[in-house]
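Here come two complexes built around chain A, the first alongside chain B, the second alongside chain C.
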Partner chain A sequence: MSIEALNISKRFGQFAALEGVNLEINRGELVALLGPSGSGKTTLLRVIAGLEFPDSGTIRFNGKDISDRTARERQVGFVFQHYALFRHMTVFENIAFGLKVRPRSSRPSREKIRAKVQELLRLIQLETLAQRYPSQLSGGQRQRVALARALAVEPSVLLLDEPFGALDAKVRLELRRWLRQLHDEIHITSVFVTHDQEEALEVADRVVVMNQGRIEQVGAPDEVYNHPASPFVYNFLGNVNLFHGRVDDGKTYIQETATGQVLYVRPHLLEIARLPNGGSHFRARIKQINSAGPLVKVEAIAEWGDSVRVEMPQERFQNLQLVKNEEVFIIPKDVKVFAKREPA
Partner chain B sequence: MATTFTIRNLGLPVSRRAAAATSEQAWIRWLLIGTAVVFLAVFLFMPLAVVFTSALAKGVSVYFSALREPDALAAIRLTLIAAGIAVPLNLVFGIAAAWAIGKFDFFGKSFLTTLIDLPFSVSPVVSGLIYVLIFGLQGLLGPWLAAHDIKVIFAVPGIVLATTFVTFPFIARELIPLVEAQGNEEEEAALTLGASGWQTFYRVTLPNIKWGLLYGVILCNARAMGEFGAVSVVSGHIRGRTNTMPLHIEILYNEYQFAPAFAVASLLALLALATLFAKTAVEWKSRQHAKELARMGEAA
Partner chain C sequence: MRLNFKQQSILPGFGLALGFTVLYLSLIVLIPLSATFLKASTLTWQQFWHIVTAPRAIASYRLSFGASAIAAGINLFFGLIVAWVLVRYEFPAKKLFDSLVDLPFALPTAVAGIALTAIYSRNGWLGQYFDRIGIHSAYSPLGVVIALTFTGLPFVVRTVQPVLEDLDKEMEEAAASLGADRWQTITRVLVPAIMPAALTGFTMAFARAVGEYGSVVFISGNMPMRTEITPLLIITKLEQYDYAGATAIAVVMLVVSFAMLLSINLLQAWSGGRTRAKAAAAIVAPAFSEA
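Our next item is the complex of A and B:
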């Protein structure tokens, strides 16, 4: 099912959570709503679900205006950040809930419900834990039960609010790959909210970057990462160094504040060398080296006194044999220029 | 092992070793505990013992005949009727109030919370008087009620009203913090899964608050049966007609019929003991429930 949000605005008291948001989600897509806290991403998700009603704007499912329908009538699957499992029910009862509360006329038979729950338990690989209570499960298991519960009613849309937010790093990684796989199998139109850019870029077909109640950019992961539409997007999707300066004829001029332009360079797009290469470069002194992990992170002090972050592969680091307090040259490989400085 | 060794080296006597940073020296502990025990003995256990010994002072036959007396039976019946109406009413009001206050934000919420506490802060006698001033013969609605031959004051409806008013906060107070702490997520989940409002309440909200609810009902019932002040004002003390148990006890006592007075009083005392027992059982059960869940949670 396709989803359209047209000109959605929502205020909470003085706080504008959403301001004129327009978004189109295609049938079968897996879309991430990405943004910092307070950017309105969760509010937008809840508006789509019918758990929140916008002050103005329209929500359409398959082109049909459903703005006035309640959450119950919209028949979406919703997965909550803190799972919201029914604590007094077993895993089995939790998953069966949506089918059991149906009016008698459309309620499946006992056997059918049982079969459906068993099928979902297989899908989430928790067949042996059907009689456990939510409090007896780990965070990752609970989240999978929450997902199965949402899928049991066969919704046409699956909405997930920070689905992996409360889990530890390792389980997170596992579960998000599993979600991607699951989506490839069942192709249900899905929207998930996250503040983790890595998660959004890895899992989603398209990423919607939000900031202060507005959409900054919508695009495929590589598109938003490589061609950010605004300084905010560039900043939010990875670590970044900011320089005042300008770019003319492919030549970068740094430390020219009068231009009003800001140069953005990702740490891995700065190169450290012992000798200048004739192109753009500046001098810096190595302050800190952290070589734990696949990338070596170097902090250097530029000649004008600002701190600069550089990342390089271990191999390059071994070749250079950098030491602390050494004077080096830093060469920007790719620079992105935006007109005005926005808050980082 | 290491700890013991260090302490021996310090040469400190074992008794002076504090079990924890917050515990006091032995003599202070015994002083505090002793004070508490003496206080409980004088103000709780002795009166309780007096009630039962006085009740049985003239023998078992006097005791039972005092309870079988028609006026006593009428008082017991009326007390049961008043509690039997007031408690279910407050059950509904309490759940409704807790639901509204715990789950929603609205203008005047803190004012409403204060209103719910009003029966606690107003003297019961005043509560009774309010009803006399409204429904009494000289009261606001008095002439109209008299014209339609409806008796509220000095009759059962007045007693039920006064009891309901005085015991109103018990269930609501018990439930509000509980409902607030649980938030809305489970209800929202139920709604997205297609449950109706009633199904959500019955299958999700109610099971989550059942222990708190039971606890509130027990307290509410105890107070409803024991209420004296407000009921005393509206009842008119008509023997066999508008006397509840506490009022009946007062009348007997004022007539120097000590043994029968204490006999009926012992029934209320037994009710109090039963209430305490039920309350403890419910507390134990709900704590056990929570502990069980926590333990199983750790194991998983």
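Our next item is the complex of A and C:
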């Protein structure tokens, strides 16, 4: 089912959570709403689910205006960050809940419900734990039960609010790959909220970057990463160094504040060298080296006193044999220029 | 064979804590209560049976336990509503209403009894309207229920309130998104979650009502066979220096109360045990090892 959000605005008291948001989600897509806390991403998800009603704007499912329908009538599957499982029910009863509360006329028979729950238990790989209570499960297991419970009613849309937010790093990684696989199998239109850019870029077909109640950019992961539409997106999708200056004829001029331009360079797009290469470069002194992990992270002090972050592969680091307090040259390989924004 | 409870716990001080608990309960509860049994045992079995099955005594049990159960039931129903309102809604003077709930605890019960009598008696503020439609609120079993409801008011509210506050609003949203209507959400999600706490409140209100004396004696009129509660019957016997007879009836009260409290506790353990983790072993189940 396709989803359209048209001109959605929502205020909580003085705080504007959403300001005129327009978004279109295609049938069968897996879309991530990405943004820092307070950016309105969860509010947008809850508005789509019918758990929150916007002050103005329209929500359409398959082109049909459903703005006035409640969460119950919209028949969406919703997965909460803290699972929201029913504590007094077993895993089996939790998953069966959505089928059992149907009006008698459309309620499946006991056997059908049982079969459906068994099928979902297989899908989430928890067949042996059907009779357990939620308090007896780990976080990752609980979230999978919550997902199965949402899927049991065969919703046309699956909405997930920071589904992996409360899990530890390793489980999070496994579960999000599993979610991607699951989506490839059942192709249900899905929207998930996250503040983790890595998660959004890895899992989603399209990423919606949000900031202060507005959408900054919508696009495929590589598109938003490689062609960020605004400094905010560039900043939010990875580490970045900021310089004042300008770019002219392919040459970079740093420390020229008068131009009103800001240069953005990712740490891995800065190269450290012992000798200048004739192109753009500046001097710096190595302050800190962290060589744990696949990338070596170097902090250097530029000639004008600002701190600069550089990342390089282990191999390159071994070749260079950098030491602390050494004077080096830093060569920017790719620079993004955005006009300086008026502070909001 | 030496009994060894200790191994079950990793917390230190088990022996000391258990010893203290037993001593404390003995001094405060068990020894005074067993004195009751001892005194009652000065009677022969026939005498005992004669006293405790006297029509006046039977009528008093009926009133005491019956009115207590009704009062606790009323408090259960309205207590749930009061707790719900205090937790879920914001309104002016909420804190004031919140403190009002505890007032029946603080007030000397005799004061409560006199106040209730003044209001519900035939020419009282409310009593006159009841009287017009033919209901005698004071000096009737109804008066007893009113007094017991008053004294038991805080229990259900105070036991349910923290559980309701703790209850995730997301659970209700989850139920709604799964297609449950409001009634289904209440009966299948909310009520089971607060049931153990509500039962505790009911038990406490009931126990308190069975033992209540001060407020009832003013409003009930204390007519033997009609509005005489069992605690009053005991006092009456004491005033006539019939100590053995008083303790005989006290023993019946004790045994019945204990049996009722025990069965409610068992019921509660049954309904509450389902939500709690039963085995620690279950929690250490592998998090996501299959993937």
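The criterion applied here is as follows: the second predicted complex is superposed on the first by the 340 of 344 C-alpha atoms of A that agree within 3 Å, B and C clash if a C-alpha of one lies under 4 Å from a C-alpha of the other, contacts with A are read in each partner's own complex, and residues count from 1 in each chain.
Methods note: contacts are C-beta pairs under 8 Å (C-beta built on N, C-alpha and C of every residue); 3 or more make two chains touch, one makes a residue touch a chain.
Predicted model only: the values in this text are computed from it and were never measured.
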item	value
Fit or clash - chain C, chain B, common chain A	clash
Partner chain(s) touched by A:Q321 [first = chain B, second = chain C, both, neither]	neither
First, second, both or neither for A:T70, with chain B first and chain C second	both
Partner chain(s) touched by A:S109 [first = chain B, second = chain C, both, neither]	neither
First (chain B), second (chain C), both or neither touched by A:Q14	neither
Partner chain in contact with A:S37 - chain B first, chain C second, else both or neither	neither
Which superposed partner A:V101 touches (first chain B, second chain C, both, neither)	both
Doubly contacted residues of chain A, that is, touched by chain B and again by chain C	49-51, 70-72, 75-78, 80, 82, 84-88, 97-98, 101-102, 132-133, 135-138, 141, 146, 149-150, 152-153
Complex contact set, residues of chain C against chain A	168, 170-171, 173-181, 184, 188-189, 192-193, 274-279, 282-283, 285-288, 290-291
Chain A-touching residues of chain B, taken from the complex the two chains share	185-186, 188-196, 199, 203-204, 207-208, 293-294, 296-297, 299-300
Complex contacts: residues of chain A adjacent to chain B	49-51, 70-72, 74-78, 80, 82, 84-88, 97-98, 101-102, 132-133, 135-138, 141, 146, 149-150, 152-153
Touch list for chain A against partner chain C, complex	49-51, 70-72, 75-78, 80, 82, 84-88, 97-98, 101-102, 125, 129, 132-133, 135-141, 146, 149-150, 152-153, 171, 174-175, 177-178
